[in-house]
Amino acid sequence: MPRPSVIETGELQVILEDIADRVAGMSERGKVAQYIPELASVDLNQFGIAVAPIDGAPVSAGNADTLFSIQSISKVFSLTEALQHVGATLWQRVGREPSGDPFNSIVQLEHERGIPRNPFINPGAIVVADVLLEDRSSDEAVNDVLNLCRTLAEDASIQVDKAVADSEMRTGSRNRALAHFMKAEGNLKAPVEDVLSLYFRQCSIAMSCRQLAVAGRYLAAAGQNPADGSTVLSAQRARRVTALMMMCGSYDASGEFAFRVGLPAKSGVGGGILCIVPGIASVTAWSPGLDAKGNSHLASIAFQELVRATGWSVFGPSV
Amino acid sequence: MPRPSVIETGELQVILEDIADRVAGMSERGKVAQYIPELASVDLNQFGIAVAPIDGAPVSAGNADTLFSIQSISKVFSLTEALQHVGATLWQRVGREPSGDPFNSIVQLEHERGIPRNPFINPGAIVVADVLLEDRSSDEAVNDVLNLCRTLAEDASIQVDKAVADSEMRTGSRNRALAHFMKAEGNLKAPVEDVLSLYFRQCSIAMSCRQLAVAGRYLAAAGQNPADGSTVLSAQRARRVTALMMMCGSYDASGEFAFRVGLPAKSGVGGGILCIVPGIASVTAWSPGLDAKGNSHLASIAFQELVRATGWSVFGPSV
Amino acid sequence: MPRPSVIETGELQVILEDIADRVAGMSERGKVAQYIPELASVDLNQFGIAVAPIDGAPVSAGNADTLFSIQSISKVFSLTEALQHVGATLWQRVGREPSGDPFNSIVQLEHERGIPRNPFINPGAIVVADVLLEDRSSDEAVNDVLNLCRTLAEDASIQVDKAVADSEMRTGSRNRALAHFMKAEGNLKAPVEDVLSLYFRQCSIAMSCRQLAVAGRYLAAAGQNPADGSTVLSAQRARRVTALMMMCGSYDASGEFAFRVGLPAKSGVGGGILCIVPGIASVTAWSPGLDAKGNSHLASIAFQELVRATGWSVFGPSV
Amino acid sequence: MPRPSVIETGELQVILEDIADRVAGMSERGKVAQYIPELASVDLNQFGIAVAPIDGAPVSAGNADTLFSIQSISKVFSLTEALQHVGATLWQRVGREPSGDPFNSIVQLEHERGIPRNPFINPGAIVVADVLLEDRSSDEAVNDVLNLCRTLAEDASIQVDKAVADSEMRTGSRNRALAHFMKAEGNLKAPVEDVLSLYFRQCSIAMSCRQLAVAGRYLAAAGQNPADGSTVLSAQRARRVTALMMMCGSYDASGEFAFRVGLPAKSGVGGGILCIVPGIASVTAWSPGLDAKGNSHLASIAFQELVRATGWSVFGPSV
């Protein structure tokens, strides 16, 4: 019985270029996120994809080196930082179940007394940000998340896009509502504006497909950074973060993504999707147009094509 | 990088017996389902586990040959039967997302006009049953599901437990409410009592851990029945059913199961849990005591132990 | 300070005819209820209004003697019958608050464990019907409600419209869902089909504006039937039933009706609205076309006109 | 048929003293609001009641001249101010239906895109505050509401309790969540902190039973201030505000209050309840202990006693 397996660099290059070619010609491309002004002006005609095998050089196609706003994909890195920091007590303040609601829903919070369902919906990530502020300032925490991204991506040039962060800080009323609601329920300790300052800045980190793919390898590699063999998370925690990506990483279309693609993923409204192929590789695809659920339309299609070509679904081989 | 891999029969036997031994001594055992009278009298002091590798003989420990009511695990087999029968049009009548609500919730149905979130919550399985009745009677459909179980388990002795089925038929008011609600919304075609007669009987099929484990192998084997090489489902459909198990198979504790165990699973209130290890094996554990979310308390623990010992999580190796 | 006051018969006749004239010319007439086939064929070009003072002869205009299906207005009479029968223990099984949801919503039932918010939404009236069955058959209970209507209306000819009742019995899936749901929660004692047989038949009673207006006088007259001085309900209970009409009588447009009209009312999807003017009169208007919330479009307008002309709002005089 | 009617001063005095005496002896007194620190320290052993007939001198008993925080009763005055100011366009931004949810619920807002159900739940009153800020500063608007209270109560000494206002401003996370949520949905124009500054200060106005009763007379008097005959609201608007009090004035216990008392009322968590007897009087009772729904326990009982003694229910006479 064939299992997901490593694919030669040359063969992978052909697969990725083929995907980029086919996707380039598609007329239905989704819509860029409108609610963050700085994102609304991004050119819809872009697509990139990069695969970072845990034991080889990255392979890519399309606009794989173009920077984009990682947005909710940052929740993977802030959760990693928080798990290093406070460990399992984090789970007293945020759940581990899919929510069945949109990423910015407040209904579930009211029904469940301010405990977000999981760390990948907005209120959950805001709680994670609050956890990071227990022993450091908002500026320090932004630096810590940023440095984690730089180290994992092996690229010290990664930055917060200040224009995006400022734009979100000005317009983020829905996230403010979520934060104040949790404050009222006793599930937020730091001042709301401090937490949001961290949250909006981590979401505004700009990375390329290649950088993100390289940065995600530790989740495919039992928690170890393949670059230097250092432990980012224990193997168990790496599996658990990956499980959360599968269950909750694509908002209320997580089921659909698992059904169609079969890989744990974290999606962002900047149009990026980071997928983990356990034991093999970390992959990022990006295109700014979103579908109705807020996931990149073309990046989702690209992952379906990739899994068809590689057999990398965790739910079994293609043939 | 180690991947989930086949384990020798002898080593597996030792692992299963060790699990059975440890679980036997646990004092916290959950509670048997109270709302089906026939299930309420099952002896809490039972535990069984069986592994059916896709290319080898089953291995088991504990009460692995004791029959129990498969209940919601039957939803895997009725979905398989329906996919063989009507194919993809099924998805016009039932979704593929986790619901975020208990298995028998009606709230989501009202908010989403009678379309159940997925085929593994009760209303979804009732729609699947209705699909089966499009060209056959309730009795014929029961026989078809039963024969599928018999063929897959290689055991012609498998039967519906009539006492359980009658008990459910008398007391199933909540499921009747769900069915009539969907009827009102136009998402149920056959008469409600015909659909429920099928649904309650499929849930009342009695199987052992060993039988269920053998029966589940096609999902680990790209849709093919290892017994005879016949195609039960296409490889893509087998992956998709397995993905649905991961996302929605353990009611509103599916996230927790993915987090702790990392295997696609389908749970039943009879205390059984069927897990798929893609490319390797199908596994069933059973103990009648349930936790607060309706999943077998000891079977859940057993799967955590099994994954720890085997490294079979789809989210990456243990070490 | 002027208070709502009795108006001379002649003056009232002029007011009613003026209303009927103006309403006759309106082009926007709403839509007849579609979900009960027998109601869908009623002629939209009908309008009637009748005022029954507690101490004088009824006055009417338009199609005030045309029979129509009283539908949910019957909930006032079945509640009256139940209060006579079991008294205050009824309130252990049904609440007294507006629901904020449509009349046939099941969401609130799930959140509040099968206790309907009030006796005028469908699940509440179904519980009231169940209460009536505690010591009599469904046929006997139908007769009791029918006889109450006949006595109050001083008209022995009032009947259940069997064609409507049969039509509802065949198509009432949503009400069946509500009933089975409450059965599951332990808030329904009699068999569901018995309860619904009573419920659908009481809703199918056919009455005219004049008959309904006369029948409602006891609620305006401190619980006493002006025809013979007999006590239908205690003064306190009459006030309380009237209060429930104000708070919950027009489905989820009860607030709007109170805001625009200012009288306690019970509406039915047959197009009738019964209003109480405490201490003065009972009034019924009818026109089969409904607005989006299920209340008669023209009857609602007629009541606004009537209150403008008479100053009968319970919230204060017009001038 | 007797109708609610004016009662002689002497007789009213006896009734009120009798009520104050009986209430003084009750051991179950509810609990003071805990979530506003300044309110949590108020002495539970206080009770006052005052009746202000529209055409006579006020009558009172108990601690009728003790100042308390009017809290949500201020919503009546801010709504009056806004109706004078913007008129009917207000209703494009806030509904007129009971919500069926607690006063600070955010669930309804999400389901209905930021339009609060009515102006007497917190989000509705926050929108009304925002309306007032269309052409004036927060400080000016506070003065306008305060001056309206002073004029209506014929008492220039009425003030905002700054300690209470500051306390609410510091701890009002739930209201901040509501405001930011509506901001996100486009239903709040002024900066959130400006709106809340007005809202918290209007809620912190301190008045006595006597002052509040006198101030409410215009609602019983067809919108005219009995003191000077000036028009506060048109007769129609006065009726409509009164109707809203009936339907939505006691949070999610409005139905219960209508059922037991039968008068339009506005309740506040400071323990005050303002009731309108249309055409006759305005009444305020106060006791700081609240029941589970947030209404004063003893003031509610006092109104039941008052209506029993006076027959003032709008739903009909007692006898």
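Read from first to last, the chains carry the letters A, B, C and D; within each, the first residue is number 1.
Keep this in mind: a residue touches a chain if its C-beta (ideal position, glycine included) is under 8 Å from a C-beta of that chain, and two chains touch if they have at least 3 such contacts.
Chain-to-protein mapping (UniProt): A, B, C, D = Glutaminase.
The structure presented is a predicted model; accordingly, all values stated were derived computationally and were not measured.
Greatest Cα centroid separation from chain C: this falls to A. Rounded to a whole number, the gap between the C-alpha centres of chain C and chain D is 31 angstrom. With centres defined as mean CA coordinates, chain C is found 56 Å away from chain A. Each chain gets one centre point, the mean of its Cα atoms, and the points for chain A and chain D are 48 Å apart.
Looking at chain A, no residue sits in touch with two or more other chains. Across the whole structure, chains are in contact as follows: A-B, A-D, B-C, C-D. Note for the complex: chain B touches chain A at residues 1-4, 54-55, 95-101, 108, 117-118, 219-222, 235-236, 238-240, 242-244, 246-248, 252-256, 258-259, 262, 264, 276, 278-280, 313-319.
On chain B, the positions that touch chain C within their shared complex are 105-107, 109-111, 173-174, 176-181, 183-184, 192.
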